[in-house]
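Quick one: the structure is below, and I'll ask about it shortly.
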Amino acid sequence: MSNPQLPDPVLEVSGLSLSDPPVPGPVLEVSGLSVEYVLDRGSVRAVDDVSFTVSRGEFLGIVGESGCGKSTLLFGVAQLLAPPARICGGTVRFQGKNLVGLTDKQLSAIRWRDVSVVMQSAMNALNPVTSIGKQFKDAMQAHGVRNGDEIAARSAEVLRMVGIDPVHLRSYPHQLSGGMRQRSMIAMAMLFTPDLIIMDEPTSALDVVAQRAMMVQIKELQQTYGFAVIFVTHDMSLISHFSDRLMVMYAGQVGELGSTRKIFDRPRHPYTRGLLEAFPSIRGPRVPLKGIPGNPPDLARLPTGCRFHPRCPLAVERCMHVTPGLYQMDETLVRCLRLADGDTSQRTDEHRSLTP
Amino acid sequence: MAATTVTTQPGRASAGHAARRFWRAVRRNRKATAGAVLLVLFCLIALFPGVLAHDDPTAQIYPRNLGPSAAHLFGTSGLGNDLFAQAVWGTRQVLIIALGAGLAATTIAAVIGVTAAYLGGTWDGALNLLTDVLLVIPLFPLLIVIAAYVQNSGTLVLIAVLTLTGWSYTARQLRSQALTLRRRDFLEAARVRGERPLYIIVVEILPTMISLLLAAFLTNALYAVLFASSLQYIGLGDPNATSWGTMLYWAQNNEALQAGYYLQAIVPGACIALLGAAFALLNYAFDEIGNPALRPVRKIRSKHVQSATS
Amino acid sequence: MRFVLRRAGFFLLTLWAAVTLNFFLPRMMPGNPAIAMMAKFHGRLTGQSLIALETIFGVNTHESLLAQYWHYLCDIATGNFGTSLFFFPSPVSQVVRSALFWTLGLVGLTTIVAFLLGTGVGIVAAWRRGGLLDGIAPPVLVITSAIPYFWIGMMFIMIFGLKLRWLPWSGGTDITAVPGWNPAYIGNVLEHAILPGMALLITTIGTWTLTMRNNMVTILAEDYVRMARAKGLPARRIMLDYAARNAILPNLTGFAMSLGFVVGGAILIEYVFNYPGVGYMLLQAVQNEDYPLMQALFLLITVAVLVAILLADIATAIFDPRTRTAR
């Protein structure tokens, strides 16, 4: 049952649906997570008190500008931070168990089996001096699979899942094309059909056509195998077609969090609105494009009060002095004082919705 | 030999701004400060040797092989020189060789390296080949052979010989960095403006490579100190010159160690080691300044310990 | 394969350059060293060695420069390095052979140990960033690499040889030792090798350790190391297969480059300890003005370095699949 409000030709052809309700029971619960970078001149918080949950089989998209902390958040969740970054607060509960503070050894049991990771650039994320097959084998051996035949069979199977000929198991990363590399990373992430796959901008290095193809592939796999996905990207328009829920990050904090549909129909946070207004529609009426003036703040020298107020079209005097929390409006969480006040001076005439 | 990995990413900062940042970085990095202090100390000694040592280093008038005393801080040599005076006055020749050969070798390396990178094509190939061949031929044996033919190499000859054999190592590094700059926008702009290649090389490329040029200079200076002293030690320098290497040569000749006159060997060696350490420390510190990942990591003590592997 | 062939070609080119240098250097020297030499050796030389000397300096021959050059190349190719002046009438090749054994043992072994040990320490130091090793190793090693090789040797002689009298510090063996494959002789050889070996080890290990550590630190920040962690691989696996393997590759070619310096250090160490190796012999030849011997030793050392570089290149080709498809 495809959504009539979303006549995406590609999706229609592949018969995918976007609004299948995910199975209840969260697979991941992040609560108050904060990550700081310890530098010579003091610490800087790249991620500040972020909370969200991911349900079984759900696709959560995380969007934001460069430097908003989304990649750091991802690594924080996956416990992959390296000095000078460190988690300085909060918990990350994966299937009930808090991962923060565990050693690599303790984490290795659930790593890859239950949670896997796909990174931005396969060229950088794959070991350049070992073959693809060997890297698949590594992961399997680390989790107790010793039988050579089993390993070979499974490796071939996951490659076929993403449409790559298993003969490439013998290839080295530099011998594959960019798209193939990226897909083999996804295949590798699927080795144990985990419950959650975390993806850090896996499509950013690809061209537009390849991006689309990969997103469709990911969505297909998700529908077939039922794993949850956290997908970080700066490309709002791309993610909107595939994610169930969306989290907009700004300056290390959650700006808006809710179902993708609701956010697109009625973006509440001025930043989210700014982001949506920046994307033109191919078919809609010609509207003057608006960017968001200014630059994201230096995390070491944050503005007082609301972090977004210097660039916000709705900002008033209060915004400079009071730090907004997350307020619930319908089922969306929004970090904005104006909206919490019930201020209805939102400019509804310039709404962007998914209907072209 | 200083261990360096080329990682600097130069930007087009103005000279004044860069100099200030540089100075701050030197002050904050302990290794750089130590190295800089040592170097300045040696320079002062070389400039005003008479202030420290009152004896004539070449005068062989004292009783031989004396131990340290108030009159002779380091004792006397096997021929009757005051060791302290020799060490102090010897600083001059060593520094001249170090700075001279360092400067000359770096200049040649810069010219060849950058030109090769800039011109590209067959020129690059040819210059590269020349560099590689010279690089691979073992330097010290070559130095020995050349010095053997020349006999009794004085300061100038030493500088010349060290320069001619030593430029190849740093030429390689400079060429690599010049290559990364080749396509940068500000160079394209200069080319489009119609500037001549020489102008572009000297006025546009070289200033952005200052940090690497500095590192190359330090490397070459260190190499010059060590090799010049070594050559003098084995007798291929001018044995009548006042220098740390020649002090060691005479100590060896005198069989100082066997006879128990340790200071005759320890003093010049320690001087060489200290000056060498000054160059090496500065070089290593610049490596760290250029590549922040190499800086010393403070161990983070808290319940959320995250290290390379927890 | 093509990679290796290219490197072999380079090898031959460098060899030719070294041989040519050997030929032209004596002829390029200012003044007329040949005449000076003649005067020095006057009366002590027989006809044979006089001719040899003249050949080297290109004096009194009736051939053109090019002809001389050609003859020289032919001689080298057939292994005819002339007759030693000092060890007259022994041919140079024979003299050299005796020293070769000592140097291969001392320098060869020590270099390999220094490389392995240094690389190992570098890997561990980088792996435990912020630990004790990582804190003291870099500054200490930076300083030791600046100390002149021979001085460490002299200090060793002073402390361990003379003051403490633990170990012998001169020669390859005791003068009275009788050569033979028996434990007594071998023990004697080893005893004499300890001090020079340690001195060489200390001076050369610094570079390996520092470059390995710096490379490792850079590599540890790479995404594929993070990925390996994400896969839940055991720490040792990550350290060796992912980090070290990539970090050591640039080190291999660096290893070859540094060999030139190791050779220099070895020469000085042999001199300080009177160890009868190739380096010691080279310096003796210089002091005795035994030019044929000197030239041959220079060539030998160059060839040794070139062979080592070639081996390092082959190793790189084996371990780094990217080189096989390069240009």
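We call the chains A, B and C, going by the order they appear; numbering starts again at 1 in every chain.
Just so we're on the same page, contacts are C-beta pairs under 8 Å (C-beta built on N, C-alpha and C of every residue); 3 or more make two chains touch, one makes a residue touch a chain.
These numbers come from a predicted model, not from an experiment.
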| item | value |
| --- | --- |
| Central chain (distance from its CA mean to the mean of all protein CA atoms) | B |
| Most extensive contact between chains (C-beta pair count) | B-C |
| Gap in Å, rounded to a whole number, between the CA centres of chain C and chain B | 22 |
| Length of the line joining the C-alpha centres of chain A and chain B, rounded to whole Å | 51 |
| Interchain centroid distance [CA atoms averaged], chain A/chain C, Å | 55 |
| Of all residues in chain A, the ones touching two or more other chains | 82-83, 104-105 |
| Chain B, residues touching no fewer than two other chains | 297-298, 300, 307-309 |
| Residues within chain C bordering two or more other chains | 129-130, 220-221, 229, 235 |
| Residue ranges of chain C in contact with chain B within the complex | 10, 13-14, 17-18, 21-22, 25-26, 29-30, 33, 127-131, 134-135, 138-139, 142-143, 145-151, 154-155, 157-158, 162, 206-207, 210-211, 214-215, 217-218, 220-221, 229, 235, 238-239, 250, 256-261, 263-264, 267-268, 271, 282-283, 286-287, 289, 294-295, 297-298, 301-302, 305-306, 309 |
| In the complex with chain C, residue positions of chain B that touch it | 1-3, 5, 7, 31, 129, 132-133, 135-142, 144-146, 148-151, 169, 222, 226-227, 229-230, 233-236, 248, 257-258, 260, 262, 265-266, 269-270, 272-273, 276-277, 279-281, 284, 287, 291, 293-294, 296-300, 307-309 |
| Chain C to chain A touching residues, read off their complex | 129-130, 220-224, 226-235, 237, 241-242, 245-246, 249, 319-322, 325 |
| Residue numbers on chain A that touch chain C, as the complex places them | 75, 78, 80, 82-83, 104-105, 107-113, 116-117, 119-121, 124-131, 138-139, 142-143, 172, 174-175 |
